[in-house]
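For reference, the structures are reproduced in the following blocks.
Two complexes come next, and they have one chain in common, chain A, joined by chain B in the first and chain C in the second.
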Partner chain A sequence: MEFLRNIYNWIDVRLGTHEIITEKRTGYLLPRNVNAWYSLGSVLLVIFCLQIITGMLLMLYYVPDIDKAFDSVSFIMTEIPLGRLVRLFHAVGSSMMLLVLLLHMFSILFMGSYKSPRELHWLTGFFLLLLAMGISLTGYLLPWNQLSFWATTVATDCASSIPFIGENLVELLRGGKQVGLHTLGRFYTLHVGLLPALIAVLIGVHLFLIQRTGVSTPPFGLEDTSNQWKGESFVYEEHPGGIPFFPNFFLQDMISISLYLACFMVFVFFFPNIFIPSTSYVPANPLVTPSHIKPEWYFLANYQTLKLFPSEIIGLTVQAIAMAFLALLPFIDRGEEKHPLKRPLFTFCAVSGILLWIGMTVWGLYS
Partner chain B sequence: MRRWGIILMLLAACVMPSTQAMGAAPQVIVCIQCHAAQPARLSDPVTLWQTSIHAEHGITCNACHGGDPMDAANSMDPARGYRGVPAPTSVPALCGGCHMGVTKHYMNSAHGRALGRGGPTCVTCHGSHDITRASLELISKKNCTTCHTFDKALMIRRAMVKTDGMLKAIEKRITILKSQGIDTDPLEKKLFSLRNRFHAMYHSLDVTLIREESAHIQAELEKTSGAGGAGTGYLVGVIAVGWALLAALLFSMIKKNID
Partner chain C sequence: MDDSKRKFINICLGGVAALAATAIAAVTYPLFRYYLVPPTDKKSGGKTSIPLNEIALGDAKFFEFNGVAAVLVRKQDGTLAALSAVCPHLGCIVQWEKDRQDFLCPCHAGYFTADGAVISGPPPRALAKIPYSLANGVVTIG
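This part shows the complex of A and B:
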């Protein structure tokens, strides 16, 4: 103990760590009416760390070669002690990450937390969602089974309908005319290199922005729920008399993380086949097209939208417009009110939009 | 000794279909071409055979009747190995060429000893051309009461039912485990030999032997019931989820205290 205290003192006199802890943590106050939704960000951090750890463990045995990938994943699943668990953590974790990302986004949507001065928070978050979808898409190919091969073939084929550059873009993505060895190489590089790095950087920016502006005040349990920011000069949103982050809100974070882990492990241990259907135990075969090729659940809505329109390019354009609208939402919705019930038009549109997305997903699942 | 017989039979079963299939499958052999166009007595065997387990494994007419399946003019020439219709007493030897383990049991049984004196041959129970996968259903009042009463037959059936059910259950579990990406090869290999040993045993008609062997096989099967990883994750899962929930509870209690 004495020895540890000496080390701590040695660091403290040089860096003032004690000051960081007391001033920034115990002195870091959150709004009095802060709610559990504010802890989803911490849950997301934990999920990302878990993906990194399990991903690196998978890399110990995974071989990114079309003749060996499938067998190496089978080897991980059957021969390596705890390998099955690690793979399930990673594969189920990727779906759960998307799910929690969406919940995080919806909560911010309804509480109006994206409003000024937090446009950049929303934008970085939106790009994090895109990157998470990208890392899942690229990771999905890696086990090189029938499902992953054909889902990737269909997904990359979408790009071909873009005028002028379509064909070239598909070849760039695939590294050839067909999904093959070079596609695997590209996707692997993106999945374990570029995309995790970009996500880590963007998470850093996201957190930096939150530190600079302070946490928003939720619009519940207050008389005046309009946005207080006037835009004249930079102000840090302080919450005098609020709840200290440490230990109070930190405990809320821990509760949410524990509850998340419980849900997550229910899927991992009892229903893993929801995320890894039995068709994914068949190695990829470019000569045999399965009868119905479905993407992962988070792409089902996109998939169904594409099928709905007579030509792919129209379907793609519609989706691009919808995504752009979502990305630019804080610049489009400039209203002052933050409470969802006091801005019924917005809430109606948002709920309809979410229901539409869920409807398309379910339709895509059963079509 | 019995073990060797089974192994030889397995080898035959594995080798025969592939060699036969390679020689015969690509073109329709002349026996079938010509016989299909003949009157019922000669063409019925063709239609019956076509849906049999032997057809599925490429065991063609000449495997049992001899002759040359490639030369239409001389196909039924004894000089080409044609043997004609086997006499009832030579049927066990014919089938025994491939089903050695079964035939050995049969020859030592009351049925084998009564061969030529009113006892059943292989085809009495299995048929000659419409042979399908065998099961305990074959032991029925319809099949077993033409020559004697049903009580002994029933005893044998009762002695076998439980092990039969266990084998079927394990087969089902293997397909499930397979669909979960679990390596079932060792389990399947073990099951394969146990299964063959068990089903061949019926032909001995020896209830004591069947009981002894069934008990032995059941013990072996029970040893496999934990294999393959099924269920191993279940308890761990309950514990892991339980701990996470407990942690959530603990944190919320501390939080209540502080707030």
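This part shows the complex of A and C:
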């Protein structure tokens, strides 16, 4: 212990780590009515780290070549000790990451935490959601099975309906007319290089913004639930008399992370086939599209919307408008009220939107 | 700092920024081209030959033509049709339904006739026709 204390002191006198812990952790006060939903950000950080670790372990044996990719994944699953577990951790983890991201987004939505001055927090979070969907889509192709091949074909083909540049854009994405060797190379580069780097940078920006403005106050349990920031000047939102981040909220973070890991393990050990269906065990065949091909669950609503509209461009335009509305929500909703029950029109629209998305997802699954 | 020094430094900084922008622009286009055109996919105008006796009456044969999936149909009346097998809706490969003598796209249930015309479903247009010729029992496509 003495040795460890000496190391700590050695670092402390050089970097002032004790001051960081005192000021930024124990002295970092959160609103007294802070709730468990605020810990989802920490859960997401843990998931991202797990995805990086399992992804690097998979890279040890994965071969990004159309003749070897499927076999290399099979090799990892069947021959490498704990390989099946690592692959399941990564595959199930990507779905869980999106699920928790959506929950995080919904909680921000209902607590009105996206309102000024936190428009940039929302925007960076929204782009993180898009990047997470992108990294999931690019990773989905890598096992080179029937499901991944055709889900990628359908997803990339959507771009072809964009007027004038559609066909060129599809070739740019695929690196050819059809999904093939160059698509695998491009998606692999995006999946293991560019997208994780962009996500890491954006997480950094997101955390910086939160540190800079202070944590928002949830609207529950308060008399005045209006937005306190009037837009006159920069104000750090302090919470005098609030609860310290460490150890109080750190404990909440640990509880949420443990609960998440428990749910995650249930899927990994008991229901892995939800995320890896039977078509995932058949190597990709560019000449045969399997029946009832379905994209991953987080794209099912988009897939069903495309089916509903007679014209692909209308289906895409509707989705683009919905996404743009969501991204620009803090600039559209300028109302001061944050409590969901005190802004019934917003709550009705938000609940309807979420139910519509869930409905389209379920419809897409069973159609 | 007097105004002339400030002005001089601003001009220098502007020059450096312009140089940096030019350098970025100079490498962007070659990088874009590197990304854009994979040389191995530039084979077009090729021909594919299929012996007619490889396809029974009322059956179809799928093959790769210029990098994309294609199909040759030998209809019940003996006539032929060479078509792109790529559904114009979302790019899935159509399946030949021998009993119904039509094509089905398994992704969104689009149906096409043996000549590629849309029967029902979301496909916005017919399957693209591919020119072919028949000589000495061999169909040459392209």
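Operating definition for what follows: the second predicted complex is superposed on the first by the 367 of 367 C-alpha atoms of A that agree within 3 Å, B and C clash if a C-alpha of one lies under 4 Å from a C-alpha of the other, contacts with A are read in each partner's own complex, and residues count from 1 in each chain.
Heads up, the rule we're going with is that a residue touches a chain if its C-beta (ideal position, glycine included) is under 8 Å from a C-beta of that chain, and two chains touch if they have at least 3 such contacts.
Please read all numbers here as calculations on a predicted model, not as lab measurements.
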Quiz item: Between chain B and chain C, positioned on chain A by superposition, is the outcome a clash or a fit?
Solution: fit
Quiz item: Of the two partner chains, chain B (first) and chain C (second), which one does A:V268 touch, if any: first, second, both, or neither?
Solution: first
Exercise. Figure out whether A:M56 sits in contact with chain B (first) or chain C (second), or with both, or with neither.
Key: neither
Practice problem: Go through the superposed model and pick first if A:N248 touches only chain B, second if only chain C, both, or neither. | Solution: first
Quiz item: What is the contact status of A:P290 with respect to chain B (first) and chain C (second): first, second, both, or neither?
Solution: second
Self-check item: Which superposed partner A:K177 touches (first chain B, second chain C, both, neither)
Solution: second
Practice problem: State whether A:E312 touches chain B only (first), chain C only (second), both chains, or neither. | Solution: second
Quiz item: Is A:T153 touching the first partner chain B, the second partner chain C, both, or neither of them?
Solution: second
Quiz item: In whole Å, how close do chain B and chain C get at the C-alpha level once superposed?
Solution: 11
Quiz item: Touching chain B and also chain C: which chain A residues?
Solution: none
Quiz item: If you look only at chain B, which of its residues touch chain A in the complex?
Solution: 178-183, 229, 233-234, 236-238, 240-241, 244-245, 247-248, 251-252, 254-255, 258-259
Quiz item: How about chain A: which of its residues touch chain C in the complex?
Solution: 150, 153-154, 156-158, 160, 172, 175-178, 180-182, 286-293, 306-307, 310-312
Quiz item: In the complex formed with chain A, which residues of chain C make contact?
Solution: 35-36, 38, 40-41, 62-64, 66-69, 85-86, 89-95, 105-108, 122, 124
Practice problem: Within their complex, state which residues of chain A touch chain B. | Solution: 74, 77-79, 84-85, 247-248, 251-252, 254-255, 258-259, 261-262, 265-266, 268-270, 272-273, 276, 278, 280-281
